[in-house]
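Comments concern the structure below.
Here the chain labels run A, B, C and D in written order, and each chain numbers its own residues starting at 1.
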Amino acid sequence: MNLSSFKDIVKNYKVVFFDSYGVLRNYKGIFAGVKEMFEYLDSQGIVSFLLTNDASRGPKELAAQFQEHGISSLTDDKIISSGMLAREYIQRKITGGTIVYLGTENSANYIKMNGVKTISIHDVDLDQNDDYQLLVLLDDEGYDWNRDLSKTVNLLRRYTMPIIVANCDTTYPLSKDKVAIATGGVANMLEPLVQKVFIRFGKPDSQMFSFAFNHIQQFGTINKHEILMVGDTLQTDILGGNKFGIDTCLVLSGNTLAKNVDVAITASGIIPNHLCESVIS
Amino acid sequence: MNLSSFKDIVKNYKVVFFDSYGVLRNYKGIFAGVKEMFEYLDSQGIVSFLLTNDASRGPKELAAQFQEHGISSLTDDKIISSGMLAREYIQRKITGGTIVYLGTENSANYIKMNGVKTISIHDVDLDQNDDYQLLVLLDDEGYDWNRDLSKTVNLLRRYTMPIIVANCDTTYPLSKDKVAIATGGVANMLEPLVQKVFIRFGKPDSQMFSFAFNHIQQFGTINKHEILMVGDTLQTDILGGNKFGIDTCLVLSGNTLAKNVDVAITASGIIPNHLCESVIS
Amino acid sequence: MNLSSFKDIVKNYKVVFFDSYGVLRNYKGIFAGVKEMFEYLDSQGIVSFLLTNDASRGPKELAAQFQEHGISSLTDDKIISSGMLAREYIQRKITGGTIVYLGTENSANYIKMNGVKTISIHDVDLDQNDDYQLLVLLDDEGYDWNRDLSKTVNLLRRYTMPIIVANCDTTYPLSKDKVAIATGGVANMLEPLVQKVFIRFGKPDSQMFSFAFNHIQQFGTINKHEILMVGDTLQTDILGGNKFGIDTCLVLSGNTLAKNVDVAITASGIIPNHLCESVIS
Amino acid sequence: MNLSSFKDIVKNYKVVFFDSYGVLRNYKGIFAGVKEMFEYLDSQGIVSFLLTNDASRGPKELAAQFQEHGISSLTDDKIISSGMLAREYIQRKITGGTIVYLGTENSANYIKMNGVKTISIHDVDLDQNDDYQLLVLLDDEGYDWNRDLSKTVNLLRRYTMPIIVANCDTTYPLSKDKVAIATGGVANMLEPLVQKVFIRFGKPDSQMFSFAFNHIQQFGTINKHEILMVGDTLQTDILGGNKFGIDTCLVLSGNTLAKNVDVAITASGIIPNHLCESVIS
């Protein structure tokens, strides 16, 4: 596929969904030029949203990172995270009892609701039934894997409850050449051990895109052909956008390298509508 | 879980999504009492829709089967099939070239569009490039598996194109104790052989529910808590409904038997909101 | 990895296990120079065996193909096929009743035994119980996939019997750029549909190597470090040989291309002891 | 299937392969009557072996547990563990450099060899290349999962080496109703994250049975039909024995419960030759 200039591509859309890591930033911080790119979009009346697989914090915290860098258009109402889908599920489905979570205390704040107790797997006492209504995997931190993953298996063998995974990414970047295992990787380990069906939220699942599509209608009526999904990963951003029926743009500033992009597209059969070096091209 | 009367359950909702096989009918035909059940729903102002994994014919043909039995409320605008999602995908994504399909000529009628050629895998000549834009699996009939499944593998090794599966069910019932392999089973065979990502439409995927949710808004504004999904299969109907955030009712007139239901729920971790013997209970 | 001359490598071993396709031959026939290579091995007192995933014919027929080309050292007692493992299994485990097979009549000849009936899936009458003792997948030809694969599913839903797969290769080459779906591909389709455990014979499974290792002891006591496995496929020949604890040599005349070999080894983590352009290098 | 007396079954064989957990012992210790059962086998000239998926200690330590309870026939030369296969692999394949292990220091003792360095993943410094030749998963203890599993992923992304799993069990029992995640569960989590092929040792893989079969020949020539595999798990003990072509006996004192056994056999298609309540029946 041929490379295009991102500016040339984006001007044909009214709304842009941006993935975060590898598109707007990396482990070191926001890319140079991203602030100016958002100013250009604002000047053209193109509305930007962030679509991110993240359940470790709420939209306010996610937005704060961008506002610190002077990117004023990504306010918290422009952030759509997989954690928000998990939160909506919990609000619709759980009305009492106890939710067990794997994650930090901070990640649990966002799923707290009146009348529902939350407890970390770390603090669960298996021998004391506590009206368990749900297990939710929020974050890879905040519990002792050696001890608490086996405890999770035993909890799910003893009690029947739905299990939801609020971020299905399996790894996240720590530095140029180091990754850490993410919540989705933990979920993939536990699922065959307990032989239950885990409900996963986040890209490439179409529910993420459907949630975003409904969310943006508050900013004016938008049709699918007016939206562009911009991402660095074929298997999540581009596959999800393609399946949902919106146009997709692959950028080469993250997971997919310029030297591999043609092979990656051919090998996977996942074909973006557009290809750009980066969002500042 | 305790059994409830379907009438007692359904009266608390404004909209009902019905699965077809095992809920309203089986291989012999429509269940006795189903006509009267729909008349009851009509009298209560409850609007009914059919949500079915089927891409072998269009909504008009699917509706005709019910109208023949005097069920007048399931008109073609009340039918939502996985084939409709495939059609919408094609309309949004394909604007020219050739679509290759696995299925009968009849199944292909529904995906035909101006300016796009369709050809059965049966008639494809591998040595003649034909600007292939898409492969779509519509039906398990209409081609010679011995010859044309290998041909499909070779087509996908030679040309890069998206592959969509318009019905992800793996089997369908032929009689009381016989099944046939369905399109989803064929897709599961081909996918590892070509090592490409197949895009699947149909329950339990949330896009089916999202499509339905948007579709029904033309009949009046409906919220998620006003909808009941009724199905006989935990892994498709109930899982999909649960994930999408609507209430679910499992009926014991099809795939899930009364004697196994408690074990099935515990083993899978998929928990319906309600349990009924059948829709005429 | 650096390329070596096959002659330099092979002289350090007493026994060589050869894969067939991509090593000694391709779809067009035996490679030029293979006859002379075998004559060299004979002259050095190195004993050659063929290790092949094939259950479509017996060792006599497999040997005949080589003898026609003047390769006299690959006599039928030097042929070890996955079909022979299936045959041994049947001889040990089945003493009466009926064996159902998927394959040609010719493929079934080799598994016939006194006192045991064999019937093609094509001829099975599902409504007539016939003391079924085993289902065996022998070949991809000899039955109507459209009709008989669904019949196989129904047979296995109705009767409990072990299921064995006598060749786990998923495709085989038809020409330079065409493949056909092989028995292993058919097995991978059926297994999830019937949710039974299929018993697979053939490389990379260590039973194939163990069978071969025991078989060759009749030609003199051989230790593992005296054997070289030569193959063109990392995932079967090299992985299987490595796991069994014998030395392995990857040749670049078949499935693995010279330009991809370093990436293929790094990506898979399957590391051969030696790398040669071909067996005539 | 009908229950038989173990004494009636076993007297027809010359050699018995016993699984350990659920057959001879549970989390509380050796079952009452097992000592007398072994004395009966000794008196009949039937030779017993232990076949166990364990790589956390060597055969001497495994044998000691039985000898403490007065079971004198299970000497260390009668113990066959998956760790022994891993050790044999390492001895055949690794002649220098460094082996990285996941496990306790004690588990690593058994794989130590002259001229080869061993280092726990806990102590690996990713930024210092150390001529890594192999990664081996020995035990679920001895390292910090939160930190060291991500470190393992990064190690395998940076360096190419074979990866072996010396025990493919995914859980082990801690008490009547608690399990812990075992090495095989850790391996199943890591494998998709690094997309390399892990080499697994242990039941049901036939290499375990092949290794045992060769090992026992030092006690006299034994044919396959003279061996009985006794286990409590269809998917490992019985499947592995069946595939290897030896007779199998399922006991109901462990993983498979009497009330479920018929369903378990039908559902899996794994059929033992004999069924006994326990080894003391």
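As a working rule, a contact is a pair of C-beta atoms (placed from the backbone, for glycine too) under 8 Å apart; a residue touches a chain by one contact, two chains touch by 3 or more.
Everything numeric in this text was worked out from a predicted model, so none of it was measured.
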Partner chains shared by chain C and chain D (touch criterion as defined above): none
Contact-graph separation of chain A and chain C, given in steps at minimum: 2
Per Cα centroids, the chain farthest from chain A: C
For chain B paired with chain C, centre-to-centre distance based on mean C-alpha positions, whole Å: 40
Approximate Å spacing (C-alpha centroids) for the pair chain A, chain B: 28
Gap in Å, rounded to a whole number, between the CA centres of chain D and chain B: 45
Sequence positions of chain A contacting 2 or more other chains: none
Pairwise chain contacts under the document criterion: A-B, A-D, B-C, C-D
Contact footprint of chain B on chain C as seen in their complex: 126, 140-141, 144-146, 149-150, 153-154, 157-158, 170-171, 174, 177-181, 185-186, 188-189, 192-193
Touch list for chain B against partner chain A, complex: 88-89, 92-93, 156, 160-163, 194-197, 199, 205-207, 210, 224-225, 235, 239, 242-246, 265-271
